[in-house]
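What follows is subunit A paired twice: with subunit B in the first complex and subunit C in the second.
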Partner chain A sequence: MAESLHAWPFFGSGVLLFVLGLHALVTRPHLLIKVLAFNVMGSGTFMVLLSAAARGSGEPDPVPQALVITGIVVAVSATAVALALMLRLYPILGGAGLPPGPPED
Partner chain B sequence: MEGMSDGLTWAAWLLIVPLAGALLAGVWPRAGRWIALATSVLVALLALGAAAQVWTQGPQVVSLGGWVPPLGIGLRLDGLAAFMLLVAALVGLFVGGYSLGYIPRDGHGERFWALWLWLWAALNALFLSGDVFNLYVTLELVVLASTALVALSGGAAALLAAMRYLMVGLLGSMAYLMGVALLYTQHGVLDLGLLAQRGGEGTAMMLAATLMSVGLMAKAALFPLHVWLPPAHGSAPAPASALLSALVVKGAFYILLRLWLTVFQDLAHPGVMQLLGGMGMLAVFWGGFMSLSADRLKPLVAYSTVAQVGYLFLAFPFLLAGPGGWHAAVFLVAAHATAKACLFMAAGNLQEANGGDDRLASVAEVMRARPLTSFALGIAGASLVGLPFTVGFVAKWILLQTAITSGAAFWAVGVVAGGLLTGAYVFRLLGPAFRPGPGRSGRPVPVLREGVTLALALVCVLLGFAGSAGLRLIAATPVAGPGG
Partner chain C sequence: MNPRPLSLLSGGLSALLALLLVSALWDTPVHEGVSASVAGAMGHTGVAHPVTAVLLDFRAYDTLLEMAVVLLAVLATWSLGRCDTLPARPVQGPVMRGGLRHLIPLAVLTGGYLIWAGGAGSGGAFQGGAVLAASGVMWVLAWPRRPDLPAPLGLRVGVTLGVAVFLAIGVAGLPLGPGFMGYPPGWSYGLILTVETAAACSIALSLVLLFLGGRPWRDAEDG
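Entry: the complex of A and B
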């Protein structure tokens, strides 16, 4: 990676976004924030992948871009399922906040 | 030697057939059950064919469309993959038969068939993938299909459990994908075989190994990342619980094992492997104690999955024991999958007969009047404990043998102590049924379901004779480095 210093801002901010998203996904109870946090984590991961496209000194590597496109498709599908579940849960919970702790059986 | 083949082979058909079945069942839900039945028989035959090919010709690498990695995406059909495909097919066949008597003929319950076939296609793809990014896609497919299966009953508890499961699943997948990104940054390839050749021990590799392992451990519900499992497996419909506990958690374990056998083999230091094994042992005891203190049937069986997954993680310290040290843990996958699927199916029968109530105290009455289901529960429980004449006994025996011959006898102590704990909660489950008291058969349960449950229990016994064949199949797995 030494020869591709221009990729570091992408790598660094990708990692930062990943960590921010992880923090929100774990600590925030609101389901919509969790879904958004998952997408922020995803964007961070995609940026790290994009920085991998700048490996070496030649032309950008097309493989990570193909991975990112596939990853976006997967993330959109997962988001759709999560939002559908959230809409089903909304009337039951009387809101979109996940109650703390797993339910006791 | 690895055989090379291209074009449409067993491996390719194992993906195409369940996928086609899922699509057909999705657009034509009325015929879902018959499509699913035909598909499951076909997939089981294909899995047998694939295993036979590995048995006779050794591991196969399939380059789809003739494109060779790193440009193309390869499928790997080796002993480990073939064994997992067979386990999925065996459990799938019985769960399918059981579901014929469980899923109502109309209403939105019929969506089960399409979801089940999606899950099966995703699992087959997971077992056959030879590429770390493709494995990510299959992980997500498995999570989405499983989430829908958990939520299928539509109750508040099921929806909440599905949501928690989805969140943990997505978190695990994303951690895994970040690991893939780091691996690609490091090596510029995604194929498992090519990554294995490059190996490496740098900081980036350690970070990738940590992210991917923790993500997969959360998906495999390894203690202390297990809290999502009991509500999810406990509130899903019985056939879905059986699939999730028997197969889905094993999918994450399979990828973890695959990675440590190939990509991360240079990082497999004793300390790290002992840590994974130690966490497995903690899971055995924590899951066991939680099972022992559960007062309802399905949570008891679900916590038992937390415990039994712990045993699988002994594969990691056994990696150091020499070639084939990990085979015993993989054989245990088959033992646990059959026993656990059978337990969830039996629990579903008893719960339905008891009017939806699965409290242990009241289920005992139903158990006394339903000998078929109770007998199945007894045999599957015995296999779970590892009592003689069951496949669970053979699996635990091989596990003990590996522990002792590898010079790490303290793992053997853990295996035996965990077995005693399993015995305690299985006995707690079965004991009341043998005590004299009033019995009632409760609400009607289709005979088909009780029959299929008992048949799977008998499979738990018959598989005990397949020990050496199973181990020979698993051994047909090319690994470099400490594993062989």
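Entry: the complex of A and C
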């Protein structure tokens, strides 16, 4: 383990970002915060994957780097669709927050 | 459940998950990954940068599907309805517009350089496209009420260009020998640069259209 300790600050921060995002995703009713929380979780995942790529000796592994840039582009696209959906919900809900309690119908 | 106990419960479970993830990462053995395989295959591709080689050559299929995801996101946004005028309160004064007249050409130059630089170093279609898209978003913010976007057909051709060029070159590999998504030997660099340029243009346009958040034309203009 000793040779790979340089990756641990990034592993730790990535895990922290992931759980902070998860906590906000579960507890905050506002949809914009949920979308942002999902992005924070994704950033944490990318951070862990990139630091894992740099764990071995020598140059960082290029395949996880390529996977992460693919992931970033997909995350940006998904965020855009989520925000567009949120904008359409805004007039229906009278705001961008989910109403408390289960849906009544 | 009340917000406070829910928040405490979620916080506790999140902390537990963090501990589990850290212990899982701690137990993951260190290994070299596939760096050696990529380094060994670099002689078969025309680009010098391993990340670009992985994206556009060794795992080109991934990149094609990624561009299809961007295209799907644009189509999904368009299907939700027409975009609003952005922003609700446009920026006043001449500073932003005057500044953009100088910044946008510079951004186009930087984006173009990043696309070209991807062949040998850090850069590539996505980085270049993102820089171009940023200048496009600034342009939309500075002149929000001027519908200067191309006609619907032009926009559709623009957003599909990257996927279309990539797929055409990929399918052309079938009769020519190297197989689906393969490049004929010696043609690799030129074809990768062509794909990257088309992809960057499509990505830049797609990101600006995603920023608009809806169809930028009226229903009457195009059914």
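The criterion applied here is as follows: the second predicted complex is superposed on the first by the 99 of 105 C-alpha atoms of A that agree within 3 Å, B and C clash if a C-alpha of one lies under 4 Å from a C-alpha of the other, contacts with A are read in each partner's own complex, and residues count from 1 in each chain.
Throughout what follows, contacts are C-beta pairs under 8 Å (C-beta built on N, C-alpha and C of every residue); 3 or more make two chains touch, one makes a residue touch a chain.
Since we're looking at a predicted model, the values are computed, not measured.
Trainee: Quick one: classify A:G42 as touching subunit B (first), subunit C (second), both or neither.
Mentor: After superposing on A, A:G42 lies in contact with subunit B but is clear of subunit C.
Trainee: Quick check for you: in the superposed arrangement, does A:A52 touch first (subunit B), second (subunit C), both or neither?
Mentor: both
Trainee: Check whether A:A96 is in contact with subunit B, with subunit C, with both or with neither, and answer first, second, both or neither.
Mentor: neither
Trainee: Going by the contact rule set out at the top, does A:L16 touch subunit B (first), subunit C (second), both, or neither?
Mentor: second
Trainee: With the two structures laid over each other on chain A, which partner does A:I33 touch: subunit B (first), subunit C (second), both, or neither?
Mentor: A:I33 sits against neither subunit B nor subunit C.
Trainee: Report, in rising order, the residues of subunit A that make contact with subunit B in one complex and with subunit C in the other.
Mentor: Looking at subunit A, the two contact sets intersect at 1, 11, 18, 22, 26, 48, 52, 55, 61, 63-64, 67, 70, 74, 77-78, 81, 85, 88.
Trainee: Along subunit A, where are the residues that touch subunit C in the complex?
Mentor: Contacts found on subunit A: 1, 3-4, 11-12, 15-16, 18-20, 22-23, 26-27, 48, 52-53, 55-67, 69-70, 72-74, 76-78, 80-81, 83-85, 87-88.
Trainee: Can you tell me which positions in subunit C touch subunit A when the two form their complex?
Mentor: 3, 6-7, 10-11, 14-15, 17-18, 21-22, 25-26, 28, 30-35, 38, 50-51, 53-55, 59, 62-63, 66, 69-70, 72-73, 76-77, 80-81, 84, 124, 126, 203, 206-207, 210-211, 213-214
Trainee: With touch defined as at the start, can you tell me which subunit B residues reach subunit A in the complex?
Mentor: Result: residues 133, 136-137, 140, 143-144, 147-148, 151, 154, 156-157, 159-164, 166-167, 170-171, 173-174, 177-178, 180-182, 184-185, 188, 190, 227-228, 230-231, 234, 294, 296, 299 of subunit B touch subunit A.
Trainee: So in the complex, which bits of subunit A are touching subunit B?
Mentor: That would be residues 1, 11, 14, 18, 21-22, 25-26, 31, 34, 38, 41-42, 44-45, 48-49, 51-52, 55, 61, 63-64, 67, 70-71, 74, 77-78, 81-82, 85-86, 88-89, 92-93, 98-99, 102-103, 105 of subunit A.
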